[in-house]
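What follows is a set of structures for review.
In the two complexes below, subunit A is the common chain; its partner is subunit B in one and subunit C in the other.
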Partner chain A sequence: MSVWDKLLSLDRRWIYLILFVVVSYPLLFPIGLPLTVSRETHRVYDYIESLPPESVVVVSFDYSPSSYAEQHPQAVAIMNHLMRKPGVKIICTAFWEQGPMLCEELLESIDTHGKEYGKDYVNLGFVPGGETAMSAFAGDIPKTFPVDHRKNPIDTLPMMADIKTANDIDFFISIAAGSPGVPEIVRQIEGPYKVPFAAGLVAISVPISMPYVQSGQMVGLLAGLRGAAEYEQLLDMKGTATVGMDAISFSHIVVLVFIIISNVAYFLGRHKGGAK
Partner chain B sequence: MLGPTFATWLGAILTLVVFSFLFGENPAWRFVEHVYIGFTAAHAISMGWRNIDSLAVKPIANESRLYLLIPCILGVMLYSRFFPRYSWLSRYPMAFLIGCGTGMILKGVMEAQFISQIRASVVPIVFDNGLMEGIGSIVIILGTICVLLYFYFSDPDGVPGLKQIRSFGRFIMMIAFGATFGNAVMGEMTLFIGRLQFLYGEWLNLMKI
Partner chain C sequence: MKKEVPTITTFVVGVIVILDYFFQLGTGTLSLEYFSREIQNWMLIVAAFAMGLAAINLIRLHVVQIRQRKTGWYNSVALIITLVVMSIIGISMGTDSPLYRYWYNALLVPIDATIFSLLAFYITSAAYRAFRARNFDAAVLLVTAFIVMLGRAPIGEQIWSSAPSVANWIMDYPNMAGQRGIIIGSAIGAVSLGLRILVGMERTYLGQD
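Then we have the complex of A and B:
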């Protein structure tokens, strides 16, 4: 067996071990590799920055624990920014059933900068039905959410007194892991009500959603953990995303090296009559 | 202090058991997988009941909105699938769901995903905002046309030059697939790194943020 054949039949557990070691190093000993902020992330930041007081922003927690590592830092960064904005009202909602739980966890852990529950921000909770629920939400918010996630009747929440439909919303952000997600919101909320819309996405769905940014249907987007790290950089905060970026870069180098090695081994092995 | 410490230890042990799958499937991993699915299903039922309670039970009981019984009955009819003799009953709520869903999607799909996307593809080739902007516009126009022609299957090789255009369309799609693959790698690595951050940070307290 030639060296090329040995490389091609390498036990996958060696790859796991190498990856484990390489990724662990920057987590334990951060390097701080430079990070440039993408235009898509900057647009989301700039839009929130330009919101006047009394603006109403909806943050929809449309993800689950399976994409927590990628998307929770996005939600934390965006919520931190919104909390810093004086007078801005925040409505948290979810079209994924685990969203309200993740939202509550986030609200317990961040600085609200003096904002009060019910007056400045609220967690409406989850409504089932996917796209149909989005349409119902856009058409009549109090009817879709008669009580919030903390079981308060919606008419007892002062900030909800004048917020009835999507026409009363100034910005809609979805931290979306899949379906229902970006296309559904574009169809039911952004399109019919012309509500400016942005999203935090799992990295794999970014190429699919990019045409919506190109067409202007989305203000911008946060792409995976990198998007969260970029946003943290704009906010001048060091969160889990920033710390994780060194590890991401290192892991990509490992993947690239293995792709190159395996291709070289394949072609040279074939040339020598080894691998088929 | 007992709560978070116990939860952290439990999370760490479950994470390590899930990682044990890398060495092969084993009973401990299978147990954790079932626990995860069980928790997810239980949470879904709990959230589902909350919604039935707030959107149907309470309005019917407190405000006498009896028309809400109709969706409740339709919902119960879905479960008739479990009884072969009465399974035909489930077709009515299913037809209702599909009809409503389709109508709802069609309402927005034309403007949001058809007209707006076509409009965004018809871009002027101008270099006023920089060289890259102009090149980007050319790529969008050429890419859209060539990819669309790739899926033109009638008489594909009869028209002169069409084969080359289709090849270019395929090339453009390969670039898109490459971007998707790159993002997929980043996503999977993020999940792995997220777990390591939990193990090194919350569990072993080795990380300094």
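Then we have the complex of A and C:
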């Protein structure tokens, strides 16, 4: 067996070990590689920045702990920005069953800048039904959520007094990991009610959502952990996404180096009549 | 009757919801919007009921696994124990109780995140084995993926300053064209399937061919 054949049949455990070591290093000793903010992230930031006081923003926690590492920093960055905006009302909701718990955890961990629960922000909780639930929410919020996640009747929450349908919402943000997610919100909320919409997505679902940004159906999007890190940079905050970006860079380099090695071994091995 | 009632119900419900999406007819409790909203609220109740049904089904399936001592039956034991314990705590003490949140944060979050993170290892291994320029198509895919990966990582900008702009061009033109085609195609497919279901030509959702 030639050296090229040995390289091509490299035990996958070596690959795992190399990746583990290379990704661990920048997590333990951050380098702080410079990051350029993408236009999609900038658009989301600029839109929130332009919101006048008394605007109503919905943040939908449509993800689960499986994408926590990638998407929770997005939610943290967005919520931090919204909390900093004086007078802006925040409605947290979820069309994924684990969303309300993630929202509660987030609310306990960030500075609310004097905003009060029930007056300035609420966590409405989860409603099952996917796309139908989104449509029901958009058409009649109090009927879809008669009580919030903390079991308060919705009519006892002062900020919800004048918020009845999607027509009363100024901006809708979904931190979406899959379905129901972007296409369903575009169909049921952005389209019929003309509510400006943006999303935080796992990196793998960014390409399929790009047409919605180009068509104007989405204001912008946060692409994976990088999107969260870019947003943290705009907010001038050092969060977990910024720390994780060096690891992302290193992992990309590992994959690219392995692809190069694999192709070099493939072509040289084939040239010598070995690998197929 | 087993065929006709569900088919007629589907047709009536479907037509009301579709018409409500496009038109405003009637007022108050005699409006299309009112009927559509009521139907959607029923759907939410059915969806909530279905979640309970799914839990019962899951338990039944795993009880069979345990009884028959099938491969990995002990995983089924773990599943049933956690399902029952979490349900009891959640229902009796609430999902905001410290005990429920402890189980959630100490067990579910790290386990779920770990399983998802393992993908990084599989993807690297798969890329090493499968990403080879065996022919022209594979070479195009390889080069494109290489540039996009380089352009999306901060270190890529340091290696090649044009990487982000080239990656953006790939995302904005070839990717956009392809994705838009997929979205339009699947939308046409969904409309066609919806129409077949409405008129009763498609009955697989009733458990029939």
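Heads up, the rule we're going with is that the second predicted complex is superposed on the first by the 276 of 276 C-alpha atoms of A that agree within 3 Å, B and C clash if a C-alpha of one lies under 4 Å from a C-alpha of the other, contacts with A are read in each partner's own complex, and residues count from 1 in each chain.
Following the convention adopted for this analysis, a contact is a pair of C-beta atoms (placed from the backbone, for glycine too) under 8 Å apart; a residue touches a chain by one contact, two chains touch by 3 or more.
All figures in this text were calculated on a predicted structure; none of them were measured in a lab.
**Student:** Go through the superposed model and pick first if A:186 touches only subunit B, second if only subunit C, both, or neither.
**Tutor:** First partner only, subunit B.
**Student:** Once the structures are superposed on A, label A:128 by its partner contacts, choosing first (subunit B), second (subunit C), both or neither.
**Tutor:** It touches subunit B and subunit C both.
**Student:** So in the superposed three-chain picture, is A:104 touching just subunit B, just subunit C, both, or none of them (first/second/both/neither)?
**Tutor:** In the superposition, A:104 touches subunit C alone.
**Student:** When the two structures are overlaid on chain A, which partner does A:36 contact: first (subunit B), second (subunit C), both, or neither?
**Tutor:** Second partner only.
**Student:** What is the contact status of A:225 with respect to subunit B (first) and subunit C (second): first, second, both, or neither?
**Tutor:** In the superposed model, A:225 contacts subunit B only, not subunit C.
**Student:** Give one of first, second, both or neither to describe whether A:217 is in contact with subunit B, with subunit C, with both, or with none.
**Tutor:** first
**Student:** For A:234 in the superposed arrangement: first (subunit B), second (subunit C), both or neither?
**Tutor:** Neither partner.
**Student:** For A:28, select first, second, both or neither according to whether it touches subunit B, subunit C, the two together, or no partner.
**Tutor:** A:28 sits against subunit B, while subunit C stays out of touch.
**Student:** Counting only touches as set out at the top, which of subunit B and subunit C does A:69 meet: first, second, both, neither?
**Tutor:** After superposing on A, A:69 lies in contact with both subunit B and subunit C.
**Student:** Based on the A-chain superposition described above, do subunit B and subunit C contact any of the same residues on subunit A, and if so which?
**Tutor:** On subunit A, the overlap between the subunit B and subunit C contacts is residues 16, 19, 23, 64, 66-69, 97-98, 100-101, 127-128, 132, 135, 183, 192, 203, 206-208, 211, 214, 223, 226, 248, 251-252, 255.
**Student:** Show which residues of subunit A lie in contact with subunit B when the two form their complex.
**Tutor:** Checking each residue of subunit A against subunit B gives 13, 16, 19, 23-24, 27-28, 64, 66-70, 97-98, 100-101, 125-128, 131-132, 135, 146-147, 183, 186-188, 190-192, 202-208, 211, 214-217, 223-226, 238-240, 243-244, 247-248, 251-252, 255.
**Student:** If you look only at subunit B, which of its residues touch subunit A in the complex?
**Tutor:** 22-23, 40, 43-44, 47-48, 50-51, 54-55, 58-59, 100-101, 104-105, 107-109, 111-113, 116-117, 119-120, 140, 176, 179-180, 183-187, 189-197, 200, 206-207, 209
**Student:** Going by the contact rule at the top, pick out the subunit A residues touching subunit C in the complex.
**Tutor:** 10, 12, 15-16, 19-20, 23, 33-36, 38, 64-69, 97-98, 100-101, 104-105, 127-130, 132-133, 135-136, 139-140, 143-144, 149-151, 183, 192, 203, 206-208, 210-211, 214, 223, 226, 245-246, 248-256, 258-259, 261-263, 266-267
**Student:** Quick check on the complex: what are the subunit C residues that touch subunit A?
**Tutor:** 21, 33, 36-37, 40-41, 43-44, 47-48, 50-51, 94-96, 101, 104-105, 108-113, 115-117, 120-121, 123-125, 127-129, 131-134, 142, 146, 149-150, 152-158, 164, 168, 171-172, 175-176, 179-180, 182-183
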